[in-house]
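Please go over the structures that come below.
Shared between the two complexes below is chain A, which has chain B as its partner in the first and chain C in the second.
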Partner chain A sequence: MTDLRASRDLARPGTGLGTALFLLGVLGVLAAPASLLLGGSRPLALALLALGAALLTAGLMLKPARRVLSVSGRALRYALLTLGMLVMVFPFFWMLSSALKTAPEMNYFPPSLLPRNWLNFENFRIAFEKAPFARYFLNSVLVLLGSVTVTALTTILAAFAFTRLEFRGREVLFSLLLSMMMVPFEMLIITNYQTIVRVGLYDSLWALVLPFMSSIFYTYILRNFFQSIPAGLYWSARVDGSTNWVYLWKVMVPIARPSLVTIILLNALASWNSFMWPLLVIKSDLNRTLPFGLYTFTTEVGANNELLMAASSVVVLPMVLLFLFARKQIVRGVARGGIKG
Partner chain B sequence: MEVVMRGLTKHFGPTVAVDDFSVTLGDGELVCLLGPSGCGKSTVLNMLAGIIPVTAGSILFDGEDVTRLPPEQRGIGLVFQNYALYPHMTVMGNITFPLEIQKVPPREREERARGMADLVHMSGLLSRKPKELSGGQQQRVAIARALVKRPRLLLLDEPLSNLDARLRLEMREEIRRIQQETKVTTVFVTHDQEEAMSISDHIVLMKEGRLQQHDRPQQLYNQPVNQFVADFLGNPPINNFPGEARGGFFVAPDGARVRLREGCAPPEGARVNLSVRAESFTLEDGPDEGRMASLVESVYQTGKEEMALLRFGGTEFRAYLSADYGLKPGDAVHLGLKDRGVFLFDRATGERYC
Partner chain C sequence: MAGERERARRPRRNGPGRVRLHIVLLALLGAAALLGGVVGRRMLESRTEGLARQARASALLEETVRQSVEAASGTETDKALLSAVSTGASSRKRALREAIAAQAAQGTPDREIAAAALGTLKEGILDRVADEARRAEIAGRLDAAAPGIALAAGAEAQRQAGEVNAAAVRMQLQVSEPWYPLMYYYAALLFAGVFLLLFALALLLLYLRGDEEKRAGMGRRLEVMDYLLPFMAGVLAFTLYPIVRVVIMSFQERYRLEGSFAGWGPGNYRYVLEGIPGTTNYFLQGLLNTLLYVLYTVPIATALAVVIAYLLNQKLRFSALFQTAYFLPMVTSVTAVGLVWRWIFNRNFGVLNFILSLFGVGQVDFLQKAGNSLTVLVIFGIWSSLPFTIILLLSGLQNIDETYYTVARVDGAKAFRIFRRITVPLLAPTIGLVLIINSISAFKVFTEVKVLFSGYPGPVKNLYTVVYYIYDMMYENRELGRAAAAAILLFLIIFAFTMLQRFIQRRWKYD
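Let's turn to the complex of A and B:
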């Protein structure tokens, strides 16, 4: 019924006057911000906007051609999406651009959008001189590799056990684990801190890795995926001679690869960005990770925003690269999780 | 390989899925486990595979007790109803997987896989992924994968029920051919009596977890041990006339009677079912003690014969009759009974008198 009406509408020629008024209106509305940017006065812009809107409404009432409407609708959609993208990307752009500016450039008013010299890496050099960013970077990488690898392992093993191994109290145990997810991280911080101090790992990289070697949430996600793999596959493999161990690594893990990649990426991101915990358990400069190092750097360099931006770029860049390379995997993982592939 | 099941029993909580089940399957045979759904046939198969642990009883493979052996040590091949192919591997990868696990050298692995692919007519599609195959092709791959490790026993769990009718017929013959070429002892689970009748050497018919009869298909059809077996096999289903046994006669509730075959001597007054297959009636000229005076209700043409719907002793029944007579509804006819396909069962116990 609705389809029929839509096609009739599409075939409708529309009035020439309506189309003309509508297009003029669009032009007027677009001209308003343009006139502002070109130095026009505010009343002029407002007048243009009002006139444009009036023309647009009049045109709509006179039924412009359907094609014109659908094209302008699409244009509007893209305009909104572009706007959203600009809002998201601008801070990153500003960070990179500022990192390449000199100190005087930073203080221009109105601020300049682009750096004068695109190859001015001086800020990076200074930042790396003022604080051991290379060391922070290495620490971050070590902590990330440690916690992500071990978490992936424990997650896979736990998810498998909760999916395929038969043992007494399996479901109860799993519900118990899930209920622990309700405990906020901030509450665990105190006990974790005490534990770390007692075992003598305070102010060491181990303190950053040890509490993050398993994850209930990721186990839950992976278990859900594992459960969608038919039991027939498991028994086929068992009959074919594989043990649980072989089945897990040769069949289940390859099938769950998209989910696993998503989990690992999310985990890497969380590890890379973690700030609060390092702040608590790390004291010496050489054991700081990037976010923490950046924080202390802020207080040291004070108003030198260009140095701060250079340092920030170094912190953010690896994760941006990681995302760019693994984008397909992330999207596929999320989509697969949704439709139970 | 000879498979012996002795007093096999399986309880799931309070329910008894398989009850004191004892059967011996001969070497190189294709045996069907047949029965209505929920009769425990799949449970038996899974116990043979080692997937479901046994509550009581034992399983012997060529005299070796495998009751407590895990699946991977039993030397069996298994094909599931949904084929259970590994979705991330190619056809080749799927077939070589069991050999990879057994650490067979790569070259031999491939050789044997190619041999198997030939056997199941899948040689041209070795690099496909399972999702690029039709149901029948997936089925072939699943069979090749089950056979490539040269199992002592091949287990097929309702392998044809996911296929459409035409493909089912084709795969049924394929399975028979593959089984005869490899001579592997095979257990085939199905609820389709026609499927079971057409491909198996022996049929094991089950009901409510208990063995009913274990015999050759034709024996099962011609010599059912009880009412259930007679009812389960045959299409159209066997005709059952309720009544009593009196003085060598079967007497229907309305007094209609027919003399029982010689040597058929149920206890006097026993409540029985006279069970007659549709093809076991003959059209006779006149009345006789051994003939059933029946009334034709309707007639259907089936080509070479006529299928008639008739009534005797208040019971409606079906009979295949020669088309030569040109029967019409309302005709009174006298039907004789052949020796084959005529049984007398106890109505309460289902036990067969003759």
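Let's turn to the complex of A and C:
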């Protein structure tokens, strides 16, 4: 049906010429950067661009077929998205590609897009030898697990108390807590730094877990979800003799699993990527987490960018994998109120 | 019958059992805290005593030596003799130090110690003087002055030992010492212990007096406390206390990490705002840089994100692929990706310089030339804030009712017109929200600078940001008071921004 109409459109005098001119114009515009990339001269590329634009305009004035326009509109959309995608992904591609290059390959100009040997893992080996990245990795994992566990516990308990337990001043207390969220972490850091030093936790992994043990933001998210679970369920369970504790863990938490997963993922991301706080409270090499360890590694290797790229990949890849597996949950969590960081 | 069954089913922990458990736990905890406080106080006292003894002994020694040399010299002018006297006195110093410490440990009165020390010193001095007549003269002078010296030295020792008190010792404790927290926080521990014990006692009394009903009520209230306790402990220690403390600290002039400060007043603010006259004021520089960063990054990122989110929101093949690609920068460490960007921006072999060279632009020194630093930071900032912005806008787009589009399409509206007339106005609240959140997070830019410029605020200290300034003050200079003043100013700016944007947003929504 549509094909018929399209061919009819094409057959109409004028529009056929318009379509042809339009397509030629697109070709010209596309050929311009291609010629540059293939080593053509700049005047030639400019001429191609101008010619393409002129043809395109002429074709549009002659009214190309509607189908061509809608296809080219869709093509344009995909082209734009792909272009943007390339820009967004390029640093990651470049990181991996550079991590697999040899030192001389790094100094090619123009740079080579791909490493010569895709299985050259030498840089990873050297990086792991030059700095205790395995230890950094272990520290990061430990801190992540500790932080996620402690925060999830405090959050679940508090969110439950603020939803179902009744006590005087509950709402006032909660809105006070919410207003505290406005204060940037960069302000709290000053006193927290002093506290950590004072209680003797300086340069220990506990210093990376404890200050984040309760998050008002996560409690807020979870409380919103808990509130959407009907209160009737709670009261009927209570009448049946269930304790709050049993109800919370047997009913509320399983229902709220999507929300909990989101919270845990956001928390894990924040913990893994945090940089400023470890920079302040960690001193010795063996207590560093990955981002901090990577940062100090840069001063050690100086200009050896291939080593840096290998080390960066080690820091980045776990979270990329996590994201590939749990994209929907993470995106949902971020959409709900953003990452606090 | 039925009543009995009810009672049997009633949760055990919610009733009196919970109260009993709490009384025991609180009492144990209180006792532990009290014990910790007492032990800490004891340790501090014994340390103070030791230090005071040392101060006393050294004051006794120094004072006796000084005064006896003075007395022995009298009105002499012979240089050789004077030096003989002083070396003679010094020669016995080491032996005396040990003797005095031993005597002081035995509890001998100061005056006796001083007198004994004088005897030793006299020997030492006379040993060095060869001339018989002079020796007799000096011995006479020393004997005459002896009672006075002993008295004065004793008084001086008392005074110096008195200056060593627990409060002063506490402030000079080294963090690395074992049991440091017990000693430093003994007062807080004592207070907490007493409080917990009193609390347990009050619970016990109420429990004994109350009937079953009352006990159950107590249990319920305690349960609320249990659920909130871990969370509130964290909030109090690491959110509420810091807020209050930072405000106070910002008025403690030159408050330093160790806890010393020069006095109360607005000096920190004055320092932060005025800097050192004649040099660059890094706070104002940082403020300007941060403002520029916000003004460039946020609108550009938001505008790009609106377009991308609009395109992503259409029916799309490979939408999972596109989403993954666009959201990836969000989950990756700024530190690691910052290093990648540094490599991209590399002057000699960077890929960006290659792309620019295709367009005939010569080698650009992105990272080392001061004029380019902000551009580099902004590019990186836009790239890394895009995913988050797109996600928020996408969820805003998905909340727009489908029917608007259907109606518009039926009316024959073109795609761009639909975008301008329906999408953008209905998305306006979301855009406002995104602008707020992005501005606030852009105001806190720090890690990006630290990583891109390898640990320096720009190639020639030209790219301080507000948070970088705070970090420098706090960590490099240990000037917590000044850092606090800067942090409060940052908070005020963010707060004003939030209020302003909310106001605009509200107006926009209701118009």
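What we mean here is this: the second predicted complex is superposed on the first by the 310 of 341 C-alpha atoms of A that agree within 3 Å, B and C clash if a C-alpha of one lies under 4 Å from a C-alpha of the other, contacts with A are read in each partner's own complex, and residues count from 1 in each chain.
By our rule, a residue touches a chain if its C-beta (ideal position, glycine included) is under 8 Å from a C-beta of that chain, and two chains touch if they have at least 3 such contacts.
Nothing here was measured: the structure is a model prediction, and the numbers come from that model.
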Quiz item: What is the contact status of A:16 with respect to chain B (first) and chain C (second): first, second, both, or neither?
Solution: neither
Quiz item: Per the overlay, which chain contacts more chain A residues, chain B or chain C?
Solution: C
Practice problem: Name the contact category of A:319: first (chain B only), second (chain C only), both, or neither. | Solution: second
Quiz item: Once the shared chain is lined up, is A:230 touching chain B (first), chain C (second), both, or neither of them?
Solution: first
Exercise. Could you look at A:251 and tell me whether it touches chain B, chain C, both or neither (first, second, both, neither)?
Key: first
Practice problem: Considering only touches as defined above, state whether A:165 meets chain B (first), chain C (second), both or neither. | Solution: second
Practice problem: Based on the superposed arrangement, let me know which partner A:242 touches: chain B (first), chain C (second), both, or neither? | Solution: both
Quiz item: Counting only touches as set out at the top, which of chain B and chain C does A:272 meet: first, second, both, neither?
Solution: second
Exercise. Return the residues of chain A at which the contacts from chain B and from chain C coincide.
Key: 241-243
Quiz item: Can you list the chain A residues touching chain C in their complex?
Solution: 36-37, 42, 73, 77, 80-81, 84-85, 87-89, 91-92, 94-95, 98, 106-111, 153-155, 157-158, 160-161, 165-167, 177, 180, 182-195, 197-200, 202, 210-214, 216, 219, 241-245, 269, 272-273, 275-276, 279-280, 290-292, 294-295, 298-299, 305, 308-309, 311-313, 315-316, 319-320, 322-324, 327, 330-331, 334-335, 338-339, 341
Quiz item: So in the complex, which bits of chain B are touching chain A?
Solution: 49-51, 70-72, 74, 76-78, 80-84, 86-88, 97-98, 101-102, 145-146, 149
Quiz item: Quick one: in the complex, what on chain A touches chain B?
Solution: 230, 232-233, 235-243, 246, 250-251, 254-255, 257
Self-check item: Residues on chain C engaged by chain A in the complex (per definition of touch)
Solution: 9-11, 13-14, 175, 180-181, 184-185, 221, 223-224, 226-228, 230-235, 237-243, 245-246, 249, 257, 304, 307-308, 311-312, 314, 316, 320-337, 339-341, 343-344, 346, 348-351, 354, 357-360, 383, 386-388, 391-392, 394-395, 415, 437, 440-441, 443-444, 446-447, 450-451, 454-455, 467, 470-471, 474-475, 480, 483-484, 487-488, 490-491, 494-495, 498
